[in-house]
Amino acid sequence: MRRAAIVSGALALVLAWTGPGPHAQESRLNVVLKRGEVIIGTTSAAPPFGFIDEKNELVGFDIDIGRLVAKALFDDPTKAKFMPQSFEARWASVQSGKVDFGIMSTTIYPDRLRKVAFTRPYVDSGIAVLVRKDVNVSQMLELNNEKYTMAILNNPQSADRHKRFTPKAKALTFDSPAQMLLAVKTGQAQGMQFDVPVINWMVAQNASAVKKLPELMTPAQNNAIFLQQGDFAWWHFLDAVVGEMKEGSLYDDYKTIYHKWFGVDPPAQRWYLGK
Amino acid sequence: MIRVRGLVKRFGQHTVLHGIDLDVARGQVVVVIGPSGSGKTTLLRCLNFLEEYDDGEVVVDGALLGYRRGADGRLGRRSEEEIAKSRSEIGMVFQSFNLFPHKSVLDNITLAPIYIKGVRRDVAKQVATELLTKVGLAHKADAYPGTLSSGQQQRVAIARALAMQPKVMLFDEVTSALDPELVGEVLTVMRGLAEDGMTMVIVSHEMQFAREVAHRVVFLDGGRILEEGPPKTLFREPSSERLHAFLRRFTEGYKLSV
Amino acid sequence: MGGYFFDFGFIYRNLPIFWSGLGVTLEVSVLAMAGAVVGGLVIAFGRMSRRVWLFAPATAYVEFLRNTPVLIQMFGLYFGLAVLGFRLSPITAGVLALAGQNAAYLAEIYRAGIESVGRRQLEAALALGMRRWRAMRLVVVPIAVTRLVAPIGNQLVVIIKDTSLVSSISVYELTMEGKRLAERSAATYEVFATIAVFYLVLTSAVSLALRFYERRVQLIF
Amino acid sequence: METLGTNLPYLLRGAKVTVLLFAASLALGTVVGVGAGLLSAARHPVPRGIVTVYVFLTRGIPLLVHLFLVYYLLPVIGLDLDPYVGATIVLALYIGAFISEVTRGAIGSVSRGQLDAALSLGMTRGRAMRKIVLRQAVRYFLPPYIGTAVMLVKLTSVVSVINIWELTLAGREVVERTLAPFQIFAGVALIYFAICYGLSLLGRAMERRIEFGH
């Protein structure tokens, strides 16, 4: 009888040792796979990344990329549930786990890396400036003048850029790019600064009213998917999927989506493959 | 029937009743008179614990009202149910009638007996009709209080109190809110009650009524009983100057037939 | 979640930001209140006049503004007028929207106040041979005003709270400064708890002043 | 008017969400408010104190700041609430403070004499309140209650500022798309007007129904 006791004791010890580690919560990847649907935090106020179209549906580049991730997870792009949220709430919703990951024209900045994890970029970004056509300004410096008002997003980076490039101009702070565009189109502001792809889309949509200034306020930047920190399996999956989109097996899907929203092809899969 | 010893009532620092002693025998009618602010109404409200007295004791029909005598003198406040029970045996009629506007006259009278004493509906209705006839308002059973004159409303209020078969009836300046010509019909009902031997404590300015019906008159001033005695002696030879001045104010208006 | 302690140091370091926001909040509140008090009087007289061309628009104004949110009026003024060429600054649009909405409420408060006081005192004044207009000015309005201080004061509290809404058309008042500071720092909860305290102090100061005035007035009336 | 026409269905969908949000927060708010009102009318100091603090804190702080506080607090304490549920609770607690004052006022306006009469007949305080005082307080409760309900309809528009989708946010989205702020905001205002005006008509009808015989 004694031997049985020893064996079961040892067995229990081994199990305890190899069992779940101190904080090995189940990886979000398994949670999503088990659930059969991925919950994606996004915005409904930042065309072309996420916005409501005339048929009152949520569409956009980020939405299609989200569906591509769902396809990678379940071989079925429809298995994605989108949760529109404000730009302020984006960090809290991934940190609290309310959404599995966030994709809403979000640029990687150091202070954000402290709050959430980012995958590699899925689209280039940078900050461009859009102005009303009836404002004869061709260079960004000309905007640095009290008679002008610029619309900016309510985040530190926009405020700092405003202080750096157009300190003399007045600033209107809004919660979403759509509100900023409305301020410009109604004449409350003469210009606005936002992500390159969004500005391109806005100019394309309102060619008669607004135009884009040639220079960028910032060097090329990276928009990426963001998720809760510390979940290696989930991060690795998403990061690898983005890699496949830009340089691998998902490039064709990525190319059709990119062309659909920006009217041009994305950068080639390999530098040497050039157009 | 009612024994009051050393009754004290304070509102914050202001003392309204300074140690009242009063006895009302069964079937006796006592009228309390005195200037406004003398504490007449507060005294009356202490007799059915609508005002919680701070010191002394009020004993109604042998039972200490409101408090339970602990081993070391009076300590515990009686429970809500007990206080309510003792109030049901002490009828009270108010200066502003306080009939229930959302109930008919009949329902006003039958509500308490049915709801508190568990009297059967038809019996309560029967008693109510009798009481209404007694106060001369049988024809108004289904009317609502708002449609009655002030005199009629006060008589219904009396009937409502009587429906609980109280041992004592308290009247708080019941005629001062009435139109002059309606005072008489209410006093008649009260005179009837006195003749039926109901123990009554009446706070009033109706000197004539006090002289004719009261067994004893109590003159209250500044929260103290200054004089007390049968109406005849009190009205004819007021011993204290205060009472003399008080009464003279009433005789100026009309000759008080002595 | 870990020990989430309240970072008072952070609040102290950013006091200047809260002060500037508070200043704008007070400015908007005072301007809006002035507009509402004056506007309310004009509309109240419109509501009380017997001429239809005065009564009808005033009533339409009161009914429409009391049944639509101030936020919509604000967007209408700020973005709507801009499209037609009248570009109001954020503060102007905010003050106008708040004044407009609360003028409708004050008009009703004035009307009820004057009418309740009016009849008896008005008849007494007319009985003395005073003409209607002088009776209103000398007797009815003064009495009404003292009785209206409380409801008017409450309306000021409503305005102070409603100024928080102008943050959505980019007025840099208390709530907007809070939003901007919250974006810039991780101390989001501390920021809004501080803002809440600022509003609490403002509104309770007004209510206390009212209660003090009421107690003093009660002695006279 | 054409832009308003095409976008009306979208706005009406927003209106449906506004009405649902309103109904849920009014229901919860009424339970909280009347409960608090009754507690504050009770004699014992402790519940009365709690209600006073609740009303003071709630009415002293703008609804928008309450929303931000809860909005930023939830993730910190790890509570994962659906935004609509969170908004409904904040709206309900906010309007509850107003309904509590309306309740207290209604009870207060029933003359003290009614309570005295009921007590003198032998009713306990609880029964007297239920059977006599509250029955009459309803008459003084309804008119200000309806006014508070109309206020709540307008208050729901504030949730649009923290990006919770309802009529006001729907209106803003359409304006951002169509750049016809006057038309669209006028349409949105008219929808709010219809909801609020309908509510006050419903309220007046209820008032007539409970009017007493006299």
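Per-chain residue numbering starts at 1, and chain names A, B, C and D are given in the order in which the chains are listed.
Going forward, contacts are C-beta pairs under 8 Å (C-beta built on N, C-alpha and C of every residue); 3 or more make two chains touch, one makes a residue touch a chain.
The structure presented is a predicted model; accordingly, all values stated were derived computationally and were not measured.
A.B. asks: Which chains sit in contact with both members of the pair chain B and chain C?
C.D. replies: Output, common partners of chain B and chain C: D.
A.B. asks: Find the most central chain, measuring centrality by the gap between its CA centroid and the centroid of all protein CA atoms shown.
C.D. replies: If we average C-alpha coordinates per chain, D lands closest to the whole-structure average.
A.B. asks: Tell me the chain pair with the top count of C-beta pairs in contact.
C.D. replies: Most contacting pair of chains: C-D.
A.B. asks: Distance between chain A and chain B based on Cα centroids, please, to the nearest Å.
C.D. replies: 82
A.B. asks: With centres defined as the mean C-alpha position, give me the chain A-chain C separation in Å.
C.D. replies: 41
A.B. asks: So the centre of each chain is just the mean of its C-alpha atoms; given that, what is the distance between chain B and chain D in Å?
C.D. replies: Here the centre of chain D sits 45 Å away from the centre of chain B.
A.B. asks: In angstrom, rounded to a whole number, how far apart do the mean CA points of chain C and chain D lie?
C.D. replies: Distance between chain centres: 20 Å.
A.B. asks: Going by the contact rule already set, what residues in chain D reach two or more other chains?
C.D. replies: In chain D, 72, 78, 161, 172, 175, 179, 181 touch at least two other chains.
A.B. asks: So which stretches of chain C touch two or more other chains?
C.D. replies: 79, 82-83, 168, 179, 182
A.B. asks: For chain A, which residues are shared contacts with two or more other chains?
C.D. replies: Answer for chain A, listing residues that touch two or more other chains: 88, 175, 182, 186.
A.B. asks: Can you name every pair of chains that touch?
C.D. replies: A-C, A-D, B-D, C-D
A.B. asks: Which residues of chain A touch chain C once you look at their complex with the stated criterion?
C.D. replies: That would be residues 88, 115, 154-156, 159, 172-175, 182-183, 186-188 of chain A.
A.B. asks: Flag every residue of chain D that touches chain A in the complex, lowest number first.
C.D. replies: Spelled out, the residues of chain D in touch with chain A are 6, 9-10, 13, 71-72, 74-75, 78, 80, 83, 161-163, 165, 172-173, 175-177, 179, 181.
A.B. asks: Using the touch rule from the top, collect the residues of chain D that touch chain C in their complex.
C.D. replies: 56-57, 59-66, 68-69, 72-73, 76-78, 150, 154-155, 157-158, 160-161, 168, 171-172, 175, 179-182, 185-186, 188-189, 192-193, 196-197, 200
A.B. asks: Please output the residues of chain B touching chain D within their complex, sorted ascending.
C.D. replies: For chain B paired with chain D, touching residues are 48, 50, 80-81, 83-85, 87-92, 94, 96, 98-102, 104, 111-112, 115-116, 144-147, 157, 160-161, 164.
A.B. asks: Please name which positions on chain A make contact with chain D in the complex.
C.D. replies: My answer: residues 44-45, 52, 54, 56, 84-86, 88-89, 92-93, 95-98, 175, 178-179, 181-182, 185-186.
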